[in-house]
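In structure tokens below, several structures.
You will see two complexes here that share subunit A, one where it goes with subunit B and one where it goes with subunit C.
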Partner chain A sequence: MKRTLKAEETFFRILMNLTTGFIFIILGIIIYSVFEKGMKAMSWEMLTSVPSGGYYYGKGGGILNAIVGSLVLAFGATILAFLIGLPVALYMNVFLVRRKKLVNLIRFILDLIWGVPSIVYGAFGFTLMVFIGLQTSLLAGIITVTLFILPIMIRSMDEILRTVPMGLSEATYSLGSNKSELAFKIFTRQSVSGIITAVLLSFGRAIGDAASVLFTAGYTDNLPNSLMEPVATLPLSIFFQLASPVPEVQARAYASALVLTIIILIVSLFSRGLGKRYHKTKINF
Partner chain B sequence: MYLLNRQQRHVVNYSWMLFSLLIIAFLPFMLFGGLYFKSFLLLKTHTLKDLIFLHSWHPSRGEFGFYPFIVGSIWVTLLAILISTPICLLTAINVTQYAKKRFLRIMHPVIDILAGIPSVVYGVWGILVIVPFISRYLGPWFGVQSMGYSILAGAFVLSVMIIPFILNIMIEIFRTIPTELKEATLSLGATKWQMVKHVLLRKALPGIIASVGFGLARAFGETMAVLMVVGNVIKVPHSVFDPGYTLPALIANNYGEVLSIPQYDSALMFAALLLLAVSLFFNLLMHFFIARYNKY
Partner chain C sequence: METAIRIKDLNVFAGKTQILHDINVEIPKNKITVILGPSGCGKTTLLKCMNRLTDLYPELKVSGEILINDKNIFDPGADISKLRQSMGLLSQRPYPLPMTIYNNIAYALKLRGVRGRRKQSILVMDYLKQANLYEEVRKRLREPASRLSIGQQQRLCLARGLAVNPDIILADEPTSALDPISSRFIDEKFQEIKPHFTIVVVTHVLRQARRIADNVIFMYMGEVVEQGSASEFFENPKEEKTKSYLEGMFN
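The block that comes next holds the complex of A and B.
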């Protein structure tokens, strides 16, 4: 009895170590395969020129259109989502702090729409575009991606804002401030690190998502120069160009994958590092 | 110094907050309403039962049977869940119960990065690694001719994609199990493994089920990575080595041609509506499941 127990434990412990190692190895393989293919395709010209002769068959040029397009789209969407998301998160934690049931209902709704697949947002964005008479454009892409990252942004800010202690609010009220001053001057300052993390997380989602921009932002070989024109994005640059039979075009896809992965890695490293730096402004109780 | 006085600023800030909150509050209804409105054209001429259970997909003839796509989606999702659940469960136990505290600090960035990698990059990885692996090694091993682009490839890629998602929830759940409970078990002479098996897993079971449910909802709607490796052949798959087609892939692949055929546009929006419904249903179910369990 005792021996079988021991054997069972040993067996499962080996299995556990294998699965844990498996996760590390998988991450290693993913990063390695993307870097290996991407580095071969990478060159200075790749990063600094737009594709020439059509993105599907043209052999020359690079992926500058997609890099710039993705950054513009993701920045636009993140800023817009921040402008809508921060007030909501503050409202939930300052104005509704005594109405637990209502706040929990809002959290519940946010969790639900967080789980909605991005392709559904893409389809909805398309419907919305047709409804208000918009073509596939940067603007339509930004609106759709904003809707997609809003729940992520609000919920992660909310998680930080709800940890702000009651005593801080009471001290602020006792000095004669009103609720919106408490929200925008005290709560934001107390939670800077968490807010930065939330913004970076949303930015990472915004730049990496393909399904939501597929219908709405379109694709082009040119650099974005107007809100009303289609814009190229890195994920779609990967998706479209990888399907091409021409090796040079495929190389552009691999280069895009490398650039996108590096951006994501930088964003996740930053969100860990930056959070720690801004702890200084926080009042500890 | 300021354009407005204090009271005016308060009013501006307050209305800005309320306006933003209203956008969020109406978003789910707008999603549902918008997609329902668009798919209404299709639902007028076809019954829901026909749409879901008919096999024939010929948009130009007005035949819209979603059955192959639904079956493809279910196969890929269930296989992915079957692969990733044991991996996540064992790793979560290892990380929270056996490994040193330090280890969790290495594990967290790994989970973060896995969760952050965009789905197209997973797709690229699938094409570079998984597809050749299946066509060259796994297929011949089972004596099957396979292109590699198959249900199984989709499931493999998807399972890796949902690992960080499920693992994160499981680690959180194991952390909430009270230490007293574990210590009491150990003090009665149980070994660590007995404690894990009889106390920890039993106490955490509802949470584990919920985490798998959330993973299921997430996997069902995953688009790009699956689309890139699953083969995209409209046919009910008979084995995991067959190519298939999933609902999200259907929407993503056909957006270009929707305007030329009547009702096609509507059919794609119906597919999106179906995805939305499945996602909301599973998330709702799991939330209520957790809420109910938390009472005890």
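The block that comes next holds the complex of A and C.
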């Protein structure tokens, strides 16, 4: 009996090590190839100028339009989703605390729409634009990406707010606080680092998605200058450059991918750091 | 003897299980009343009924009356915030608010309606001194309250509970998580302030009950077995169950 248990343990340990190693290797190859191919085409010009005429045939210029466009679009969508998402998550955890079935239903629905592919959001956004008479524009992109990241935002904040201990609510109520004070003064403060992590996670999703902005934000070689004009994004710039038959342009696609990867890496590291801080400052029981 | 809280025919169900059965008790004003009984007998539930924290738990169904100043707290028109403010709560584990030490008390003062920074700051110091915490935290008032030790946190919660200016203090095993020195301080503090407050303490520690109680409510399996003055209860218990509990037969 003891021997079989030990054999079992060894077997699963090896299996786990193998699978973990496999994932690391795949990830390593992806990052390596992006760096390796991207660095070749990377130049100061790439980062600081917009595409000049003939850029897509291998002539001069850069992807500043896509870098700035992606940042503006992702910032806009993240702020909008935060403004909608935080009150929803607070409402679920403070006001609906007695209606557990309803809250669980909301969670289930949010989890479902979290899983909807982003191209569906793109198509929905496009339908919505036609309905309200909006052209492909930064605004339309922001609205669509907001819808896309909203379930992610709400659910990740919800998971943080759920961990607020009941005793803290009881203590706050017993001082004579009402529900809004409990929500906005106590729950938000107790979960502040977790909320920031949720925001950064959503930002990462917003900046990396191509399908939802394909029909809605459009593409342009100019820097964004109006909410009503189309805007370029990094994922689409990768897509268009990679689709080019010119090898130099294809190499630039990797450089664009490198920029996107680095942005997401910075955001992830940032949110990790905050997550750690959150654990440190948690109430010690 | 004046009655502060009068509980009439209180029944509490959690789903189909009855947690409290026909509770009828009177809690005298400006005395320490100890609710005593073995774990799981419904002491905490009874305490939470008094400031309607039971509202937070959808599975609990409460019926009956709790009269404070001759007003039933379960009346639909009752002002729950005001009701809760008239009772300071000290729970088993301290729950400092996620803000600085200073603001933990200032927040309570703001809810009570104390305006003006100077006035607030004087009162914050005053309540910290009352909770015997001021000297320890004097230099770190702007630090998060979560950095205090458990004993200090519980004293901060006491200071915060007093800061809303309550008439009644509800304490749910307030010393069970604390070190002996903080525990003794809390017990002594209750003795000291009882001329001004009605204090209700839940405990399952017999020694603590003997030490602080003026009045005892003994509960077992969701029912009140015996209630009365502490001297009567400890020296001349009427019920068999009380006698066997006092002799340490169960717990």
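One rule holds for everything that comes next: the second predicted complex is superposed on the first by the 253 of 285 C-alpha atoms of A that agree within 3 Å, B and C clash if a C-alpha of one lies under 4 Å from a C-alpha of the other, contacts with A are read in each partner's own complex, and residues count from 1 in each chain.
Note that in this section a residue touches a chain if its C-beta (ideal position, glycine included) is under 8 Å from a C-beta of that chain, and two chains touch if they have at least 3 such contacts.
Since the model is a prediction, treat every value here as computed from it, not as a measurement.
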> Quick one: subunit B and subunit C on subunit A, clash or fit?
Replying inline: fit
>> Quick check for you: in the superposed arrangement, does A:Lys40 touch first (subunit B), second (subunit C), both or neither?
In response: neither
> Taking the superposition as given, does A:Asn178 touch the first partner, subunit B, the second, subunit C, both, or neither?
Replying inline: both
> Where does A:Arg99 make contact in the superposed view: on subunit B (first), on subunit C (second), on both, or on neither?
Replying inline: second
>> According to the stated criteria, A:Ala211 is in contact with first (subunit B), second (subunit C), both, or neither; which is it?
In response: first
> So, A:Glu170: does it touch subunit B (first), subunit C (second), both, or neither?
Replying inline: second
>> Quick check for you: in the superposed arrangement, does A:Gln190 touch first (subunit B), second (subunit C), both or neither?
In response: second
> Between subunit B and subunit C, what minimal C-alpha to C-alpha distance in angstrom results from the superposition?
Replying inline: 10
> Can you list the residues of subunit A that meet both subunit B and subunit C?
Replying inline: 178, 181
> Inside the complex, what are the residues of subunit A that reach subunit C?
Replying inline: 97-100, 165-178, 181, 185-186, 189-190, 192, 281-285
> Residues of subunit B touching subunit A in their complex?
Replying inline: 6, 9-10, 13-14, 16-18, 20-21, 23-25, 27-28, 30-31, 34-35, 37-38, 86-87, 90-91, 93-95, 98-99, 107, 109-110, 112-114, 116-125, 127-129, 160, 163, 167, 191-194, 214, 217-218, 220-224, 228, 248, 251-252, 255, 268-269, 272, 275-276, 279-280, 282-284, 287
>> List the residues on subunit C that touch subunit A in their complex, please.
In response: 48, 51, 53, 55-58, 81-82, 84-85, 87-89, 91-93, 95-99, 107-108, 111-112, 144, 146, 150, 157, 160-161, 164, 170
> Where on subunit A is subunit B touching in the complex?
Replying inline: 5-6, 8-9, 12-13, 15-17, 19-20, 22-24, 26-27, 29-30, 33-34, 37, 83-85, 87-88, 90-91, 95, 106, 108-113, 115-124, 126-128, 131, 147, 150-151, 154, 178-181, 183-184, 204, 207-211, 214-215, 235, 238-239, 242, 253-254, 257, 260-261, 264-265, 267-268, 272
